[in-house]
Amino acid sequence: MGALLEADAICVTFGGLRAVDGVSFTVNAGEIIGLIGPNGAGKTTIFNALVGLQPLTSGFVRLGGERVSGLKPHRVAQKGMTKTFQNAALFPDMSVVENVTTAALLRHDLHGARTKAEAVLEKLGLNGIAQADVADLTFPQKALVEMARALATEPRVLLLDEVMAALTHSEMDEVMEVIRGLRAEGLSFLVVEHHMRAIMALCDKLLAVNFGRLLAHGTPAEVAANPQVIEAYLGHGAVGKEAAHA
Amino acid sequence: MGVIQPLSGPNAQFGIGAQRGTELAAEMINAAGGIKALGGAKIKLVAADVPTPNTAAAATQRLISQNGVSAVVGAFVSSTTIAASEVTERAGIPLITFAFADQITSRGYQHVFQVSPKGTVFGEAQFNYATEIAKAGGEKVDKIAILYEDTAYGTAQAKGLRDAAKKAGVEVMLDEAYPLGITDVSPLVNKLRASGAQMAFPVSYLNDSLLIIRALRQQKIDIPVVGGAAGYIIPDFKKGLGDYAEGVLSVAAASGDLIPELAAKYKEKHGSFITHEAIMHAAALDAVAQAMEKAKSSDPQKVRDALATLDYCAGFARGVPGGCIKFDKTGLNTSAFPVMVQWRGDEPVTVYPPQAAKAAPIWRGKPMK
Amino acid sequence: MRSFLSPGRVALLLFFLAAALLPFFVDPRGHLLRVAAMVLLFAAMAQSWNVVGGLANQISLGHAGFFGLGAYTSTLLFLKLGISPWFGLFAGALVAGSAAALLSIPTFRLKGHYFALATLAFAEVMRVIANSWASLTGGPVGLSIPFMGSQPAYFAFRAVSSYYWIILALLVLVCLVFHLLATGAIGYRLRAVRENENAAEVAGIDTFRVKLTASVISAALTAVCGTVFAQFTFYFDPDSIFALASISVRMAMIAIVGGLGTLAGPILGALFLIPLEEVANALLSSKAAGLSQFAFGVILIAAILIQPRGLMAYWPKKRHPAGSRGA
Amino acid sequence: MLEVCDLSAAYGGPDVLSGVSLEVKAGETVAVLGANTAGKTTLLRAISGLVPKARGHIAFEGTALLGRPAHAIPDLGIGHVPEGRHVFPRMSTLDNLLMGAFCHRDARDLTERIERVFKLFPRVKERQTQMAGLMSGGEQQMISIGRALMGTPKLLLLDEPSHGLAPLVVDELHVAIGEINRQGVSVLLVEQNAMLALSVAHRGYVLEAGHVVLSGTSDELSADPGVRRAYLGI
Amino acid sequence: MFQALVDGILLGGVYGVIATGLSLVFGVLGVVNFAHAEFLMLGMYVAWFAWRWLGLDPMLGSVLSFIVVFAVGYLVQRTLIERVLKAPPAAQVFLTVGLLIVIENAALMAFGSEFRSVSVPYQVEGYRLGDIFIGAPYLYAFIAAIILAAVLWLYLERSWTGRAIRAVAQDPMASTLVGVDTRRTYALAFGLGVALTAFGGAVILPYITVSPTVGGQFVVLMFTVVVLGGLGSVAGALAGGIVVGVVQSMSTLVFPIQLQNLCLFVIFIAVLALRPQGLIKGA
């Protein structure tokens, strides 16, 4: 199997409600895949299910051909997949470098982890704020630090949950540059993003979800032209009469 | 002189009574001219609150090194006393107590004196006296129940009861420990009723004793109940039970009617009758004062030696059944024995054994000869 | 952390130096030294609690359970088998550590109030067992350490100062362990778990193992304190050794009043509270029963309301004194 | 009716809203559009007094709102349907509606008010004795709106009513919102579903990163390529 | 066997009311009140003094206990608890533990340490149903507890303030949006919670003694009941009370009474571990 990450008909049910309903997709090495859909469509639940924070009701997740569904998140991280959180879940009582070092401990001893953390911060251009208290950071900085923390676990697949929310256009460009750079080193990404501009510019392929189901997948242009997707986003009426909803 | 008593916490009631006893004894000695051999030196009491054994060690140490006490009197609670004695023994200070766990004088310590009989002796007496009274009342007892709280005091006394019953060939139908501070005794009483025992021996502090007596009445169980000191012979027992206290028998270490004039003084001062813990601790203090007279010194070591050879039969010592304080090698008062008291009106009256009795016991409503 | 001699470290070293010199200036058998020994012992206990309560932010109200296990294990080994309490010390640590590991299985998911309740019940279970299993534990009568003069091999000394040295050494040891935990790899992981468990998991931290390690270490250290306490006070009984207010809550309170999760917090807290209590007991207990305990409670409430981060918050510091924000 | 002047707000960190000004006239439906973290919800929360650190000026029928305790605001005639619906999950539908009239608990016309809600949402009537927490998202949204209407508001704040709902239900709500407005209640509608919002509203504002970047009538905004771009990047 | 069952139910009804207060406080404020049992003690003292000075039977004195302790609770909430509502659990735990120590020792200073007990005529009466004995005070306390539970249910279900309390418990933000003053409601709920417990304390006075340390005997019991019923669930607390009463009573048929509490603790830890939301779900 060529796919690095494979989700096979994953379902998540919360007390009768099907939050994720039979979603399947694959991510190949070095790909950047976008996951789009309106609020409440189940994107974050899919992320949580992939990394093991949310137990699956059915279906499988495989990483590099090896089954990772059913493992605890730290085991999944060890296998090479981790995620960032929607509202930057940093460890608030630690400095930036401490936050990143903690994650680097997964594959290094304390000394090695510090070195690794500094290297990651350097790569993301964050060495200027390495000693800062995370409470003092701006939102974009927090998002970057969280990305740095995730990178410190040395993943093969990184799931980014709205890292670009509330960024200005130039900040967004910077972050996209970083992501592209990492992809060039062989890292794969699955990103949830609301800024369509960023998603369109960044992703190789898009997955669109709504009501926990996959609506469409394909190149950004294909997906953006899909009537169902437009309707999910703009509400019906936006695409005119041809978009009779099923 | 140091006085350690539980003035707060669940046993405070007894500690306060005991402290009042020591205060009364000290006042009387001072009023009579203090320790004459030391030029009329007055006794000064330094009190410390020891609600738990943990605090006892620290408080005792403080009395010894900060206040330079010659001797320590107290405490009412057995475990607290044991904790304190570990300190006094190591410091070479005499400790005189009324607490009656067997361990207190069975460790071969040189500086511990127990004015009362041991807990097991109490248990034995509780059983023997009661069966003898019953026999005199024409009732042969061969099935009994033992109920006790799981404290040092309760377990020691229950052991005495158990052994005495075994010796007398009486069957123990129920032998049940329950936690201190039990909130509901109905399972206990259910078990008692089902056991078919003819007589019940509860060993408990006040809360449980009230609960047990009331529950028995509710269930119309008329098994005689013979209390094991502590909760059964303090003023609140009567306050709590009212008329149902009348006629309840209990074993006791001492009783106010043995020293009527001193008891009257106490009552005048505090408004209630003198409890046995007050008498015994007063006697303990009295004994130390006598030892000082005898040693002509307040040096702890000399006081200890004088105590070891003391034979004192006056003052508060007369309140101890047997009338004297005389310690054996282990530090136990050899002349003391427990008595049986029975509630008559507002006070318990000594009814057994005959040599100490002030009135005849009443068995199932009938007075005995 | 860069310079070895930060003001904090200097203060801490000065404290230990002063503590080491104290016996030369006061009566070696006296009360003052005894109080000082209690200060150090309670500082050590609070520091042990701090490993779980401060670093992992799990509020345990049941550390008396481990404390008592230490005291009972070493004392029973000595009384029944004649094994020196010096070995009993390690046996106690082992028993308490195992108990902590067992307790972790049902409680590791619990947080905040639920964890506090479960640990409280654990200590109560220990107390009931010690009370009821009289053939082994001596039951409610408690256990006495036999008096046998000075026998260093059996942890028995005449002078208070000997115990004082041992307790001081214990405190140094516990502080060292705490420091290594706080600054080592596990310290990073513990703080991460404390602050955001999900994020910690995703960052590759086995949160269960981290919490387990902390609670086992904390329990073992507490048990060592229990053994030393038993040897020092010569006597204990189930009600006092497994007590909620005077052991479990006090350990936690000293750490909190001093500064939760900080190295110096428990020492500051013990230095402040234990003498205060001693003075209150000496001055007030014969005046009005309950007054000193009342004062103790008022101080606790005041400490929580005025400065929940403890006395350490008043120590001038550049950055955060790892506070108590929970997830 | 409602005037918001130079409103800024933050939750401890950087400003979520900075210098927002807008107004709602009596009888109007006004939409506020914008991406996820643009500050729309904060705007509504600030009007309802739930953002203690809000600065600037908000006036409702001439009464200043900032600084007033949150629980005193509904009585002025402002109903707020919060994001995520926030029904009382372990209360029956009927009790949920009754809670909406808490400010008017002595009013005599409570039954009539309930009937009016039932008329608007017949489905709510069918399930009036059920626990609200067990009902579907759409039904919960109807209860939440009904609850706000029980206070007979003059202005209704609606926060993402179509969030996570199936298209058919969204249609139903859309009709109901129009009806509510026709009955004389002004509406301030926050939506991500831009086209739906504009089809109901008379006017609209577009928020981006805490600033108002566009405003105009619904028709103007619907035709604006900027709005399309902001949502789909095309 | 049946005797134990009946005893357990009678006892459990009262446990239920006592624990309901604790559960209500947690349900509405999200604070675990470790000092809750101390309000039981206060309620008992109020009823005792009402009996002593006014000659009121504790069954009637319980109403007075309810009112007085409600006022105390209201004040405690406004002055102390309110300030830690949003604080981390550690602050809440230790604030209430401090409160426990303060109240207990204040009572010790004010009332002395002696055990006090009322004496009322029915105290030593009992009823007999076949082989089963029912002590009159147990029966009366049970009836009083059931009546109070019914009144509480009506209050929470039917009155405006009762509904507001439930609303705040379920969603404080939405409650504010419909005009409920949450601060006042919190204080009301706290006062009500401690008053319920005080009432429970008063009605058991005929078969129990009161002293400053009586609260300590009920702490773990209360928490077991509440955790069993689900923290925050009022109906669950009542059911939990009965379960605990029956377990406590039945366990003595098999185990020594000494181990009565051990059974409770084991259940307690097991429930916490397996189903921290409680065994019995309810409103």
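Every chain is named by a letter (A, B, C, D and E) in the order it is written, and numbering of its residues begins at 1.
The rule we apply is simple: contacts are C-beta pairs under 8 Å (C-beta built on N, C-alpha and C of every residue); 3 or more make two chains touch, one makes a residue touch a chain.
Values in this document were obtained by computation on a predicted structure and should not be read as measured data.
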Exercise. What's the fewest number of moves from subunit A to subunit E, given that each move must go to a chain touching the current one?
Worked result: 2
Problem set entry | Minimum number of chain-to-chain touching steps separating subunit A from subunit D | 1
Exercise. Compared with subunit C, which chain's mean CA position is the farthest off?
Worked result: D
Problem set entry | Chain at maximum distance from subunit E, centres defined as averaged CA atoms | A
For this session: Pick out whichever of the two, D-E or C-E, is joined by more C-beta pairs in contact.
Result: C-E
For this session: Report the inter-chain centroid distance for subunit D and subunit E in whole angstrom, where each centroid is the mean of the CA atoms.
Result: 42
For this session: Starting from the mean Cα coordinates of subunit A and subunit C, work out the distance between those two points in Å.
Result: 44
Seminar exercise, completed: The distance between the C-alpha centres of subunit B and subunit E, rounded to whole Å, is 36
Exercise. Roughly how far is subunit A from subunit B, going centre to centre by Cα mean, in whole Å?
Worked result: 76
Seminar exercise, completed: So subunit B residues touching two or more other chains come to 7-8, 12, 16, 150, 177, 179
Exercise. Pairs of chains that touch, anyone?
Worked result: A-C, A-D, B-C, B-E, C-E, D-E
For this session: Sort out for me which residues of subunit C touch subunit E in the complex.
Result: 53, 57, 59, 61, 105-107, 109-114, 116-118, 120-122, 124-125, 128-129, 131-132, 245, 249, 252-253, 256, 260, 288-291, 293-294, 296-301, 304-305, 308, 324-326
For this session: Would you tell me which residues of subunit E are touching subunit C in their complex?
Result: 26, 32, 80, 83-84, 87-95, 97-102, 104-106, 108-109, 113, 212, 220, 223, 227, 231, 256, 258-259, 261-262, 265-266, 268-270, 272-274, 276
Exercise. Within the complex, which stretch of subunit A touches subunit D?
Worked result: 38-41, 138-139, 162, 165-166, 168, 194-200, 211, 224, 230-231, 233-238, 245
Problem set entry | subunit B to subunit C touching residues, read off their complex | 7-8, 12, 16, 46-49, 52-55, 57-59, 61-62, 64-66, 78-79, 82-83, 86-87, 89-91, 101, 103, 107, 109, 150-152, 154-156, 177, 179-180
Problem set entry | subunit D-facing residues of subunit E, complex | 160, 163-164, 166-167, 170-171, 173-182, 283
